[in-house]
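First chain A sits with chain B, and in the next complex the same chain sits with chain C.
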Partner chain A sequence: MEDKITFIKDGIRLDGRRVDEARPIKVEVGVLARADGSCYLEMGNNKVIAAVYGPREVHPRHLQEVSRAIVRYRYNMASFSVEERRRPGPDRRSYELSKVSREALSPVILTSYFPRSVIDIFVEVLQADAGTRTAGINAASVALADAGIPMKSLISSCAAGKVDDQIVLDPMKEEDNFGQADMPIAMTPGGEITLLQMDGHMTVEESHRAMELAMKGCRDIYNMQRKVLIDRYSQMENATRQEEAVI
Partner chain B sequence: MSTVVSEIRKDYLYNLMLKGQRADGRTFNGYRPISIEKNVVQKAEGSALVKLGKTQVLVGVKIQPGEPFADTPNRGVIITNAELVPLASPSFEPGPPNEFGIELARLVDRGVRESKSLDLDSLCIVPGEKVWIVFIDVHILDDCGNIMDASSLGAIAALLTATVPAKKFGLGEDYPLPVNDIPIATTAVVFGGVTMFDPDVDEESIADTKLTVITRADGSICGMQKSGTGVLTQDEIYRIVDIACENGKEIREKFLES
Partner chain C sequence: MENSIVLPGDVVGSTEEFVAGHDTYVAGGYIYASTTGQVEIDRERRSARVITKSNAPPRLQNGDIVVGEVIDMKESLVILSLAVKKGYESRPISDEEATIHISNVKNSYVKDLRQMFGLRDIVKAKIIDERQLRLFTGDEELGVIKAYCSRCMSDLRLKEGKLECPTCHNSETRKLSRDYGLGVI
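Moving on to the complex of A and B:
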């Protein structure tokens, strides 16, 4: 850890990206048959899968709310997703991430349409490489749309970090581990922030730049999420039309 | 956490807010009176009782030798825990920490860790074998709002009073735990377009969004966390960060004097 690594050389990062460049993203919708909505997402070397069940009956029943649906979010890391085997089951980090991720998505879910019910969101991290919470939120947002849950908008999430005294978009593992700061955010396409966390060391001015950069990352991800959903459902619509034509 | 506040009380607070006022007469950026009593528990290596208005939080620090983590064999260990004990609020329940308790503990931990207020390298006894483990345990005694800031203040106050009990373990003379920075957490709720710092329990229950900003002595930020089911605009965040820096500085100065 004390060994000084140079993360940015001539404006190029260890993995060849520029400072304002996010990792490549791959999104697939409707990858699980049993879930009401699902999404598989890769952000660089992160691989996550999200499933949405509901609105459905709340168990245990005392959790139900008379005027709205409750939202549950379970962030879970596979034991093999990281370098050293993780003990299965939730740890304190997972509890915190589940909470903030739920709070990142709840503002846009129209829960008042489904009183006394629950919308369950499950996110499994299959492979982790820094930025799993943002990847999970991106996947969950698409899975919610896929499940047909009424929402005000999608939510997109991305982090900005600080390495070698520079603000970078979407830090990967090395940059996150040995970097100076990490700031994940999530937002609506309208720019309302629904998740904001930060740890490390940043001046106020740097935090503004990190925020701007992370917001840019979110906007790019939003376009991708939107495109994937439109593609998927226009394909389905075409297929339905063809079937109808045959009949 | 859900505390039931009557509609009439909510209306009252809302109308006050529209007039730029708060129920207890504070400004939107103002804190309730803070008092810190140090070394209240002699059995602990360090302790502090923080009162923030009527909110009371007791933090105890225990320091013991133990094994380092495999990936950091030459560094001491910080373990932070928070107990939301049921005597502190009608909404707290016995049992293992729930997500609120975990979030609180992790935020307090983030403040201490990310501000580098403890030099973990200096807490190594035998590399790879034995290091000092610093346990920070937060006990909420009376939740009258903003237990986050009170806990964070309690943690750093307790660390400042803590002694490394070297003698007890045959490791030389006792010495004060070196503390390099004083992180201050400041929390604001956002409610109807205004931001209110140091929310009391009613203000917390009517607002759906909170932002905690942890600042260091050099005016930089070492931690942030949005909590709650609402949204924040970029401007609101920037404004809260700016005021958090000022509030942090003021609290740190007052606090250093005590």
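Moving on to the complex of A and C:
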């Protein structure tokens, strides 16, 4: 057996980050012309694209609810998103991630405004590097806002992990695969948690610390989401103003 | 606060100050925005609302032109399943039903509603009651924009101001829109 890998040396991680530092994030809104709302998001080496359609008619018909819209979320990984080619199509993991991601977003969507309809969210993972579910939720939340779907608030999502007995923010692939624990969360800017998962081993104190760190990550991501949406809105406003000026 | 850009979850005002308008919701005494947009405060009605950006799902209001399909006909009522609002063609309306009363079909007296509409006709109409979704087709550009033959279900063609079936030569009457058969809304 080879020697145990050291993940953290003098407080610096393998990719040069500090323990409480998240990976760089890039967000773009309205990248798809056919979707009602869309978002492209990069979190480090994760690349995801989210598309929102709706509210629209429910097919198959028996799924519709008379008093509210239903929310469907499809998480899908591209076959080229991981090192070894992934067999295309849904599997047990992507069913689970679709379910938990849908449940992370649906509490903030005001579904009662659109009875008998569906809001479809599609998330495609183009490149994966641990933390694709959190990246997917962040992108989907921005895409929902871009589609103009009424919501109580945005949702931000981030993970904390445990490597070398230390709690780290936003673990990348190496830390996720060979680390001791991983805890993704999603929350509203007000601090209400809508997703909480964990695998691995953590003490009670460690899980508290991980929770705090992940919440800090979520708040930073929320500020990013906020900034791109406001920029996009200002751009659209300027465009309409210019159009009016031409007329 | 007024005219500032807000995102879902941002505080727009408090319920002590204002009445919550469109695209807001109330929780714990505060009014929050539910969509991205600009805050507008109506000082006379003391209401606060959010003006959404252009591509939000359409809201049906009085005076809007909508297009729908006739799904049922009663003695004095036509029931439409709405499909789209004019100007919002990229965001279809999902499963809304609206009605046209016999008194709102034309500006003149209508004796028999079956002379005005047929099942599966595509109708362009104006909303006159946004709450109960009642429609009006009296204007020149409003009315049936596509109709099917009641005998053989083929498309009816407009010939010298009358509808004729090209297959079985059956002729029918409708409350026609100026834009019949043009495919424009």
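The rule we apply is simple: the second predicted complex is superposed on the first by the 244 of 247 C-alpha atoms of A that agree within 3 Å, B and C clash if a C-alpha of one lies under 4 Å from a C-alpha of the other, contacts with A are read in each partner's own complex, and residues count from 1 in each chain.
FYI, a contact is a pair of C-beta atoms (placed from the backbone, for glycine too) under 8 Å apart; a residue touches a chain by one contact, two chains touch by 3 or more.
Here the structure is a predicted model, which means the values were calculated and not measured.
Trainee: With both complexes overlaid on chain A, does A:86 touch chain B (first), chain C (second), both or neither?
Mentor: A:86: touches no partner chain.
Trainee: For A:36 in the superposed arrangement: first (chain B), second (chain C), both or neither?
Mentor: Touch status of A:36: second partner only.
Trainee: Taking the superposition on A as described, I'd like to know which of chain B and chain C A:188 touches: first, second, both or neither.
Mentor: A:188 sits against chain B and chain C alike.
Trainee: Quick one: classify A:236 as touching chain B (first), chain C (second), both or neither.
Mentor: It touches chain C, and chain B stays clear.
Trainee: First (chain B), second (chain C), both or neither: which does A:196 touch?
Mentor: Touch status of A:196: first partner only.
Trainee: Under the stated touch criterion, which partner chain does A:153 make contact with: chain B (first), chain C (second), both, or neither?
Mentor: second
Trainee: Please indicate which partner A:54 is in contact with in the superposed arrangement: first for chain B, second for chain C, both, or neither.
Mentor: After superposing on A, A:54 lies in contact with chain C but is clear of chain B.
Trainee: By the touch definition at the top of the document, which applies to A:95: first (chain B), second (chain C), both, or neither?
Mentor: Touch partner of A:95: chain B, not chain C.
Trainee: Share the list of chain A residues that count as touching for chain B in one structure and for chain C in the other.
Mentor: 188
Trainee: State the interface residues of chain A toward chain C in the complex, per the touch definition above.
Mentor: Counting only chain A, the residues touching chain C are 36-37, 54-58, 64, 108, 110, 114-118, 145-154, 188-190, 226, 229-230, 233-234, 236-237, 240.
Trainee: Show which residues of chain B lie in contact with chain A when the two form their complex.
Mentor: Touching chain A: residues 72, 99, 102-103, 105-106, 110, 113-114, 211, 216, 219-234, 237-238, 241-242, 245 of chain B.
Trainee: Quick check on the complex: what are the chain C residues that touch chain A?
Mentor: Answer in residue numbers: 5, 7-9, 23, 25, 27, 32, 34-38, 52-57, 90-92, 94-95.
Trainee: Where on chain A does chain B make contact in their complex?
Mentor: Per the stated touch rule, the residues are 1, 92-93, 95-96, 98-100, 103, 106-107, 183, 188, 191-204, 207-208, 211, 215.
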